[in-house]
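Shared chain: chain A. Partners: chain B in the first complex, chain C in the second.
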Partner chain A sequence: MFIKTQLILLALISVVLSQTDDEESFLFVTKQTVNRFIVQDKDLTVKYGLYNSGPTTIFNVNLNDVLSYPFEKYDILVGTLTPKWERINAGSNLTHVVVLKPKQSGISNSSRATVTYQKSEKNTEVQKTYSSEIGDVYIMTAREYDRRFSSHIIDWVLFTAMASPCIVFPFFLWFKSKSKYESLLSKDKQTKKAQ
Partner chain B sequence: MIEQNIEIPVDLPMKFIFDILTPQPHFINKQAQMTTQRSASQDEDLLLQDFSRNVTTKSWILFSGNAAVVSAIPLWLFWRIHQMDFSSYFIHFIIGTIVSTYFLNLAYQNMKFILKHKIAQKREEAVNREISKIFANDKNANKKDKDDRVLTRKNEVADFEATTFSIFYNNSFYLVCLIVLSFFVLKNFSPTVNYLFSVGLSTLVVFLFSTGQK
Partner chain C sequence: YSIIYFVSGENCESPQFTVNSYSTKDARLTAESAAQLEISVKCKNGKQPGTLYADINGHVIPCAQSVSSPGKYYVSVATSTHKHLAKGSTIVKLYDDEAYSTLRKARTDDAIKAVKPFGQVELSHPGASYGPWLPSEFFAVIVFGLIWWTAYRERSKILA
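What follows is the complex of A and B.
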C-alpha cells in the first residue's frame, strides 16, 4: 500500500517536472467566416484567431492563406492574406480579419491557413502549424441571394397595381347591377308594406 | 310542319340542332303549344341560347382578353422576384401563359353558364317590376310585348352579372392560388419548377372548381 502511494506520488512529480521543463509554446489558429451566406460580388469576411497557449512569447509569426483564396477567384478588399507579426506574447490572443469579394459562384474549397513561427527568440528553428479549415463553401449568385432575401416591396406594390383592376373592375360592375336590382325589390316591398 | 317553323341559329352546337330536328313526342307537344301562343322562332332562339354553353363572339373576346391579361400579370412576379429572365425562360412563359389563358377562358365560360340560371331566377321579380314601371304609362302596350321585354331584359341582366362575377371570381381565385403556390408551397424549388407547377396547378384548380359547381 505504502509503495503504491509512493509510486503515484513519484509519477505525479515527474509529470509536473517534465511540464515545467518544457518552456516551449504552442500556437492555436482558428479560421472562420463571419458571413452566414457567401454571395458572389458581395463582401466575405474571414476571421483568423491566433492564441499562444504556452508560457513563452513566440516570434516571427507568418500566416499564409493564399491557397484558400486564389487571386483569380477572390478580390481582396481589406487586409492581407499573408500577415506577419513580430511576436505574440504568452497566453495572448490575436485576431486578424480579411475582407474578400468572391468573383465566381459555385462550390469553393476553403482549406487551412499555414502559420510559421519561432518558439523563442534564440531558437531559430521554424515551427509550422495549420489553422482549422472551413471546407467546401457554396458561393451563391447575387441573383439567387436577391431572390431569397430581398423584400421586393416595390415589385409587390406594382403587381398589386396591375392585378387589382382585373379583380376590382368586374366586381364593381357585378356589385352595381346586383345592388340596383336588390334595392328595386326592397323598395317595392317597403312601399307595399307602407300601403 | 313544326320543324319548318324553327329557325336554327348558326352558332348552335350539333346536339341542340339534332334535338330540335328529331321528332321527340314531348318536345313536339311543347312546340305545338307554343306556336299557338307566340311566334316560335323567337322563343326557340331564347330557349336554345339559354341552354347553350356556347358564348357569343363578344363574350368570347372579353373572356379571352381577360384570361390573357390575368395569365400575363404573374410573369412580373416571376421576372422581378423569382429572377427569371425573359430571354432564358421565354419558352416556359409562352407555354404557361397560353395554357392558363385557355383554361381560364373555359373556367369563365363554365362558371357563367352555371351562374346565369341562378341569377336569372333571382332577378326575375326585380326585372318584372322594372319593366312594369316602364309599361305603366304606356296603355297601348299589350301583355305579349311586356313579357318579351321582361324575358330579354332578364336574360341581359343575368348574362351581365354572370359574366362580371365569373371574371371577378376566377381572377381572384387564380391569383390567390398562384401566389400561395409560388411563394409558400413551392418557395424553395428551382424557378422553372416553381413557375410551371404553380401556373399549372392553379389553372387546374380554378378550372376544376368551375366545372364542379352545381
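What follows is the complex of A and C.
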C-alpha cells in the first residue's frame, strides 16, 4: 500500500517535471492603472508590465489592447495601444505606459491585452498570452471629482459676492449714523468751548 | 570616397530627435508615478534606425515601437511611489543596434562609459503636486473672521 502511493507520487512528480520545459521562456504581462480615481476627461494612466521569466530571449513581442479601449469611449493622449519590441532579454522587466482620457462616465469594463511573441528567432511559431485585467471600474464625472478636490476659489468668490449685500448694507447704515453722531459731537464741543 | 558611403549607408546619420514627454503630475489622482517619452527620429539620409535601446537610470531597455505609427519610439518608466521618479531633467541615452552590442560586450566600467551613444534625450518631470498648500477655505475663514471681529468690536463700543 505504502509502496503504491510512493510509486504514484513518483509518477506524478516525473510527469510534472517533464512538462516544465526549462529551455523555453514564458512572458508574463500585467496590466494595472496607477490612478486612485478614474475621472471623465482626466488622465487615465495604464501601465503594462512585461516580464520574461526563463533563460532565453524572446523575439517579436507585440502587445495589442485596442479592444479594451475603443475609440468612441477613450482618447489616446500619450503612447500607443499596439507597441512592439524586437527582443526582450531573459529575466528582464519592461514597462509600457499609455495615457487615455475617458469620454464617458459610469461603470466600464476593460478586457485583457493580447500579447504575441516568438520563442526563437528562426522558429516563427507565435505564442499568444493574455495580460491581467483591471476589471470593472467606475469612471466618475468631472463634477464629482471637483467637489472633492478642486481648489474652490471661484466658489468662495461667488459666496462673498452673494454675502456682501448682507454685510455692506448694515455697515453703510452704521457708518452713516456714526459719522453724523461724531460730527454732532464735534459741533457740541465747539459750541461748549465757545461758551 | 564612395566605398565609405556604401558601408555607412545603412546607418542613421546625425539623427535629430523630437521628443514628447509625459509624466504624472497630479498626486491626488494617481497613486504611483509613471512617465513616458515619445521619440521621433529623423535621419539625414532618410533611413530609420532599427531598434533603439534607452539607458534610463542605469537600466538599458529596448524601446517600444508602434505598429500603427512607425517611426516613433517609446520609453516608459513607472515607479512605485511619487518620490522615486526624479524631479527635473533626467538624461536618457539612446543606443542603436551597433552601439548596444558594443555595450553588451564591454566588461569594465570604463569600457561601458566609452561606448558612444546614438543620441541623448531628456525627460523632464515637474514633480507630482498634492494640490495648493493652503486650501481656499482657510482664506475664507480668515477674511470673514476679520469682518466679524471688527463688527464685534464696534458693537461692544456702542453697548458699553
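To be clear about the criterion, the second predicted complex is superposed on the first by the 130 of 195 C-alpha atoms of A that agree within 3 Å, B and C clash if a C-alpha of one lies under 4 Å from a C-alpha of the other, contacts with A are read in each partner's own complex, and residues count from 1 in each chain.
Throughout what follows, contacts are C-beta pairs under 8 Å (C-beta built on N, C-alpha and C of every residue); 3 or more make two chains touch, one makes a residue touch a chain.
The structure displayed is predicted, hence computed values, not measured ones.
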Inset, instruction - Applying the touch criterion given at the start, work out whether A:Arg112 contacts chain B, chain C, both or neither, answering first, second, both or neither. - result: neither
Inset, instruction - Figure out whether A:Lys47 sits in contact with chain B (first) or chain C (second), or with both, or with neither. - result: second
Inset, instruction - Look at A:Ile167 in the shared chain and tell me whether it touches chain B only, chain C only, both, or neither; answer first, second, both or neither. - result: both
Inset, instruction - See if chain A has more residues touched by chain B or by chain C, and give me that chain. - result: C
Legend entry - Partner chain(s) touched by A:Thr95 [first = chain B, second = chain C, both, neither]: second
Inset, instruction - Quick one: classify A:Leu184 as touching chain B (first), chain C (second), both or neither. - result: first
Inset, instruction - For A:Val78, select first, second, both or neither according to whether it touches chain B, chain C, the two together, or no partner. - result: second
Inset, instruction - Using the touch definition from the top, say if A:Phe159 reaches chain B (first), chain C (second), both or neither. - result: both
Legend entry - Touching partner for A:Glu144 - first (chain B), second (chain C), both, neither: first
Inset, instruction - Jot down the residues of chain A that show up as touching in both complexes, chain B in one and chain C in the other. - result: 152, 155-156, 159, 167, 171, 174
Inset, instruction - Flag every residue of chain A that touches chain C in the complex, lowest number first. - result: 34-37, 39, 42-43, 45, 47, 49, 62, 64, 77-88, 92, 94-97, 99, 149, 151-153, 155-156, 159-160, 167, 171, 174
Inset, instruction - Would you mind writing out the residues of chain B in touch with chain A in their complex? - result: 66, 69-70, 73, 76-77, 80-83, 123, 125-127, 129-130, 157, 160-161, 164-165, 167-168, 171-172, 175, 191
Legend entry - Residues on chain C engaged by chain A in the complex (per definition of touch): 20, 22, 24, 26, 28-36, 38, 50-51, 61-69, 72, 74, 76-78, 131-132, 135-137, 139-140, 143, 147, 151, 154
Legend entry - Parts of chain A lying in touch with chain B, wherever the complex brings them together: 143-144, 146-147, 152, 155-156, 158-159, 162-163, 166-167, 170-171, 173-174, 177-178, 181-182, 184-185, 188
